Amino acid sequence: MKRYQKKRIEIIIEAPMQARVTGLLDRMDATGYTVVPAIAGKGREGIWTREGQVSDASRMIMILCITDGAHVDEILDPLFELVSRHIGIVTVSDVEVFRTDHF
Amino acid sequence: MADIFTLAYANLVSPVVLFFVLGFAAALARSDLIVPEQIAKALALYLLFAIGFKGGAGVAEHGIDQKLMAAVLAGIVLSVLIPLIAFFILQRISKLSRIDAAAVAAHYGSISIVTFVAGTDAVTRLGLDYEGYLVAVAAVMESPPILVALLLIKGASLFKSDATAPEPGGRSELFREIALNGSIVMLIGAFAIGWITGPAGQEEIKPFIVDPFKGVLCLFLLDMGLVAGRGMRTGRQYLKPPVIGFGLIMPPIGAALGLVAAQMVGLSVGGTTLLMTLAASASYIAVPAALRVALPEAKPAISLTLSLGVTFPFNLIVGIPLYGAAAQAVAGG
Amino acid sequence: MADIFTLAYANLVSPVVLFFVLGFAAALARSDLIVPEQIAKALALYLLFAIGFKGGAGVAEHGIDQKLMAAVLAGIVLSVLIPLIAFFILQRISKLSRIDAAAVAAHYGSISIVTFVAGTDAVTRLGLDYEGYLVAVAAVMESPPILVALLLIKGASLFKSDATAPEPGGRSELFREIALNGSIVMLIGAFAIGWITGPAGQEEIKPFIVDPFKGVLCLFLLDMGLVAGRGMRTGRQYLKPPVIGFGLIMPPIGAALGLVAAQMVGLSVGGTTLLMTLAASASYIAVPAALRVALPEAKPAISLTLSLGVTFPFNLIVGIPLYGAAAQAVAGG
Amino acid sequence: MKRYQKKRIEIIIEAPMQARVTGLLDRMDATGYTVVPAIAGKGREGIWTREGQVSDASRMIMILCITDGAHVDEILDPLFELVSRHIGIVTVSDVEVFRTDHF
Amino acid sequence: MADIFTLAYANLVSPVVLFFVLGFAAALARSDLIVPEQIAKALALYLLFAIGFKGGAGVAEHGIDQKLMAAVLAGIVLSVLIPLIAFFILQRISKLSRIDAAAVAAHYGSISIVTFVAGTDAVTRLGLDYEGYLVAVAAVMESPPILVALLLIKGASLFKSDATAPEPGGRSELFREIALNGSIVMLIGAFAIGWITGPAGQEEIKPFIVDPFKGVLCLFLLDMGLVAGRGMRTGRQYLKPPVIGFGLIMPPIGAALGLVAAQMVGLSVGGTTLLMTLAASASYIAVPAALRVALPEAKPAISLTLSLGVTFPFNLIVGIPLYGAAAQAVAGG
Amino acid sequence: MKRYQKKRIEIIIEAPMQARVTGLLDRMDATGYTVVPAIAGKGREGIWTREGQVSDASRMIMILCITDGAHVDEILDPLFELVSRHIGIVTVSDVEVFRTDHF
């Protein structure tokens, strides 16, 4: 079956920012996103783990967004601006999908 | 004085404190003992539920006190004053950046509900009663310090139109989030329901919120010990001696202000101890999360390690008996 | 009539209902208060455990009633009849597609165990007793409506050989899943164990399943309020007025059929109230999940929002006192 | 160390379908798969979050399957047929592995 | 003899055993009933907390027994001896590789705290008392068998300098992990706190750790039944008949050694039953995880399926009543 | 905005090995990593699911590490040696990031 080239944006960011990142994706007309939990990690701000934590403060989440290449810069520019002030990273990679109209 | 030591000792060998110590030690020794995340959240929810409901049922039982409004007002004043003092002290004694100092100040202006709960436990063990509405006072003290910190950093621009705010929702969204923080809603909600349904309502759910309360608290303090110990292990390097010093002197300062406020309001000895405890305690759940959104440039490890690893144990082990003794000396007899 | 209002009022200010209202309001106000997922699942498991066990122990105590089989039969008949009626009404008054109408009908034919539990709470508060085996009746009412809905959409082909089924396991796998649904197994299993071990067994675990029961129920209803409120906030647009109307008139219709059935079986006033409550209630746990597999074309937001956001609050706040009053009027005295 | 080209299939689908998707992967002789939880998301069917949910109905999961390129269409065709009737998406991307015989 | 059967029957129809059976049957029938992971972990934590604390409070109450040290020593000896015997038997009767045999031996040398808890339940039901410090004995028996298994496979090289160890941390890190395993820390920690705070401390948290204990145990055994049943469904193929045979004869062998040791120490009838139960039980939580790090070449499915799917049910249903009867025959009267 | 090529290492490994893998990444000077939970899966060692499990023994986790291509072999060689003795798999793929100095 024919497959179409899309981009996969993977955002790892502190949990309290979830609503703001997804809100941005909404405003940028991303067709969807999925939030995946993370349980531990390390970055420039040191080590963290979710175990026993009541607060969302020192926890990260991962947000995945599949989007069209034509659309990707539109999303990435404000996204990077938002994320850069926070603890987290953004990566972009190539993926193929079946339903090009879906994204 | 003998009294303080007896109290301190009784406090020290209470299961509640010992479970905290167990958790702290286990984390320092790098045991893999953990309390799963959702369980920790559920334990916190339970404590808010129980303490809120009991507070409300207490108000329903004893009738509404003229002092309630005064106490709420006192709470608000304390929660604005304390972060300002904290910020001032930090600017003098530590080398923290303005932003980090403001963030730490917000934590110390706000309150720790578990410290409050541990306080009620100690007060009750002394055979003292306390005003149920202090639960509501605790709730109103949670958020103002966050705004104080933001004002310290952003000044008046904080309240300017947020049309240009780079973040979705902007400031007004942020204010809504801070005001409707989950722990405030749970505490005030349970308080209101306890008030409406009164002692009869409390009777119905007593085997859930009263009887097993202390056991649940032990488990929660085990978890806090684990998290605090882990924080000390990984976050120690963020805490220079002056900052640690701040974490030890700020609680008595807050407690002293709380004592004055309690005297002005006219609280009972138990109530005075608890208002002191609230003023002395530092947030480690609600404020850290709010600041990650509102002041992302502040280093989270500093405030959190200090609040949870230094001030919480200090209050739990040394502070609360001290505040109790002071309250008894000043307000008692 | 005064009685209905007293009952309605007492119901309204019970902690159980107020915690639901708290959750609902918090979700509408977009507070970040949540009950963690696994905790919500554990609370549901606990309620099934407790209500099932108590039902079984009740049967062991009062001896096996000749009416048990009749009640089970009545449950099955209701659970086949109600979805058919619901489908018929929806086809007349709403513009839902056949598939969506069948999906909604399946939800309303099946039952909500929390509504049942809230019913037992109301019944007990009235000082009434009820037949323990109604728990088993609840269990048998869960699944048939799913099959009814599938029959409405797929007709006789549903039972044809599934050699050509595109999905692994096909139909027979689906039937097994529906019949061995976790909540049915827990309810029937706990019922059986309660029956086998009887009042002595119940005595052993009473401090776990009886004493704290109502408090746990409050917490669970807080969670349901949160989920229902969130559903109303995000799913409102799926509910056109006729559909909302259906969510409000279907419960009394179901309850009326339940009343007739209870009279024919000869249930007590408490038992009659509960069979009415079961018939009036709509599933929001087991049926939605089963339909995602069995009828993927149905829009899940419609049934779920309607069942949880409209019918559950209606039954909890208005319905149950009404059914109690009706049961008293017809079966009482 | 030598690395070999494989395909990474990422399936985001409603939780009640988990057993059916993994059953399909089994029947198609995939050598393995891993299921990762999702906690929230948005798609054409609207927003969802796992918080407070007792039912599996409105929850998504993510299924990862690393497989050989030669094998990939064999898996993707029936997979897409299965998924297309349900709420969810499928993406495919390139990855490298060490042990080619493993996949 | 009649006694054994009465005891066995009473055991069989206890809620605790029946909930295990329910879970086992549900898993075999592929019901989707589950206990969420974090809930299962919390239930285990609760059991360790409660049983540890009660043990410590018991020691505080009855004074420190001269037999404590002897019992601890006996536990260590048993936990070194049993894995050696198990390894020897497996090498004779099964075709397991040396590594797999050593892994299985480590499981059987170590203990299962839930089997112990089920044992205390049975002992208490018989109106017998037991020595509180057996909890500490249980804790010291957890880890030595892991070292025995490593010695059997790696020989003296196990204690050589780990400068060349390929894994971060190497051996010393591994030893630390094994010794500070979460369940050991919780058990010993709660034991110590129970001892320090004594009966007064226990009184404070009794409604949490004593009253609901058996109900929580039921829920935990439901979960164990589910996990064991699932394991049997997916892991059956790893268990050849000789291996299953080992899983059934090893517990009585361990129990017999436990009986001898208990006699030498001079334990009460209840205590004898429990030391036998410990010796007969096989680990399925701590040891499997440690061996994944220490002996990665061992196939995990073999030990785990055997321990949880064969030996645990055997001990729960048949073993414990048997050990109780044997203890009564030898140590009683 | 300019994007830079990096490598994304995805490690699926048994949970008790988490500390050892992240310890290795630390020693190899990876700038960070994120641990994501898995809930179920299948491999050569059979099927597993996290449900109801108290022990970490039969559970997998996923560790993600974004790193520079120049650095990647340095990490992969000892990583593969460590992982190969355990239950689990390692994959490597291409991603783009914004801040090249971050990785």
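Here the chain labels run A, B, C, D, E and F in written order, and each chain numbers its own residues starting at 1.
Note that in this section contacts are C-beta pairs under 8 Å (C-beta built on N, C-alpha and C of every residue); 3 or more make two chains touch, one makes a residue touch a chain.
Owing to the predicted nature of the structure, the values given are computational and were not obtained by experimental measurement.
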Q | Each chain counted as touching subunit D and subunit F at once | A | A
Q. Compared with subunit B, which chain's mean CA position is the farthest off?
A. D
Q) If you average the Cα atoms per chain, which one ends up farthest from subunit F? A) C
Q. If you average the Cα atoms of subunit A and of subunit B to get two centres, how far apart are those centres in Å?
A. 33
(Q) As a quick test, compute the distance in whole Å between the mean CA positions of subunit D and subunit E. (A) 38
Q | Contacts with two or more other chains, residues of subunit C listed in rising order | A | 34-39, 41, 207, 211-212
Q. Counting only residues that touch at least 2 other chains, which ones in subunit F make the list?
A. 26, 36-37, 93-94
Q) Looking at the whole structure, which two-chain pairs count as touching? A) A-B, A-D, A-F, B-C, B-E, C-D, C-E, D-F, E-F
(Q) Which stretch or stretches of subunit A touch subunit F in the complex? (A) 10, 12, 36-44, 60, 62, 73, 76-77, 80, 84, 89-94
Q.
For a test of understanding, state which residues of subunit F touch subunit A in their complex under the given definition.
A. 1, 3, 6, 8, 18, 22, 25-26, 31-37, 61, 66, 93-99, 102
Q | Residue ranges of subunit C in contact with subunit D within the complex | A | 34-37, 40-41, 44, 166-169, 223, 226-227, 230, 234-235, 284-286, 288-293, 296-297, 299-301, 304
Q. For subunit C, which residues count as touching subunit B in their complex?
A. 13-15, 18-19, 22, 26, 29-39, 207, 211-216, 218-219
Q.
Quick check on the complex: what are the subunit E residues that touch subunit B?
A. 37-39, 41-42, 45-46, 49, 53, 176-177, 180-183, 185-186, 189-190, 192-193, 196-197, 201, 204-205, 207-209, 211-212
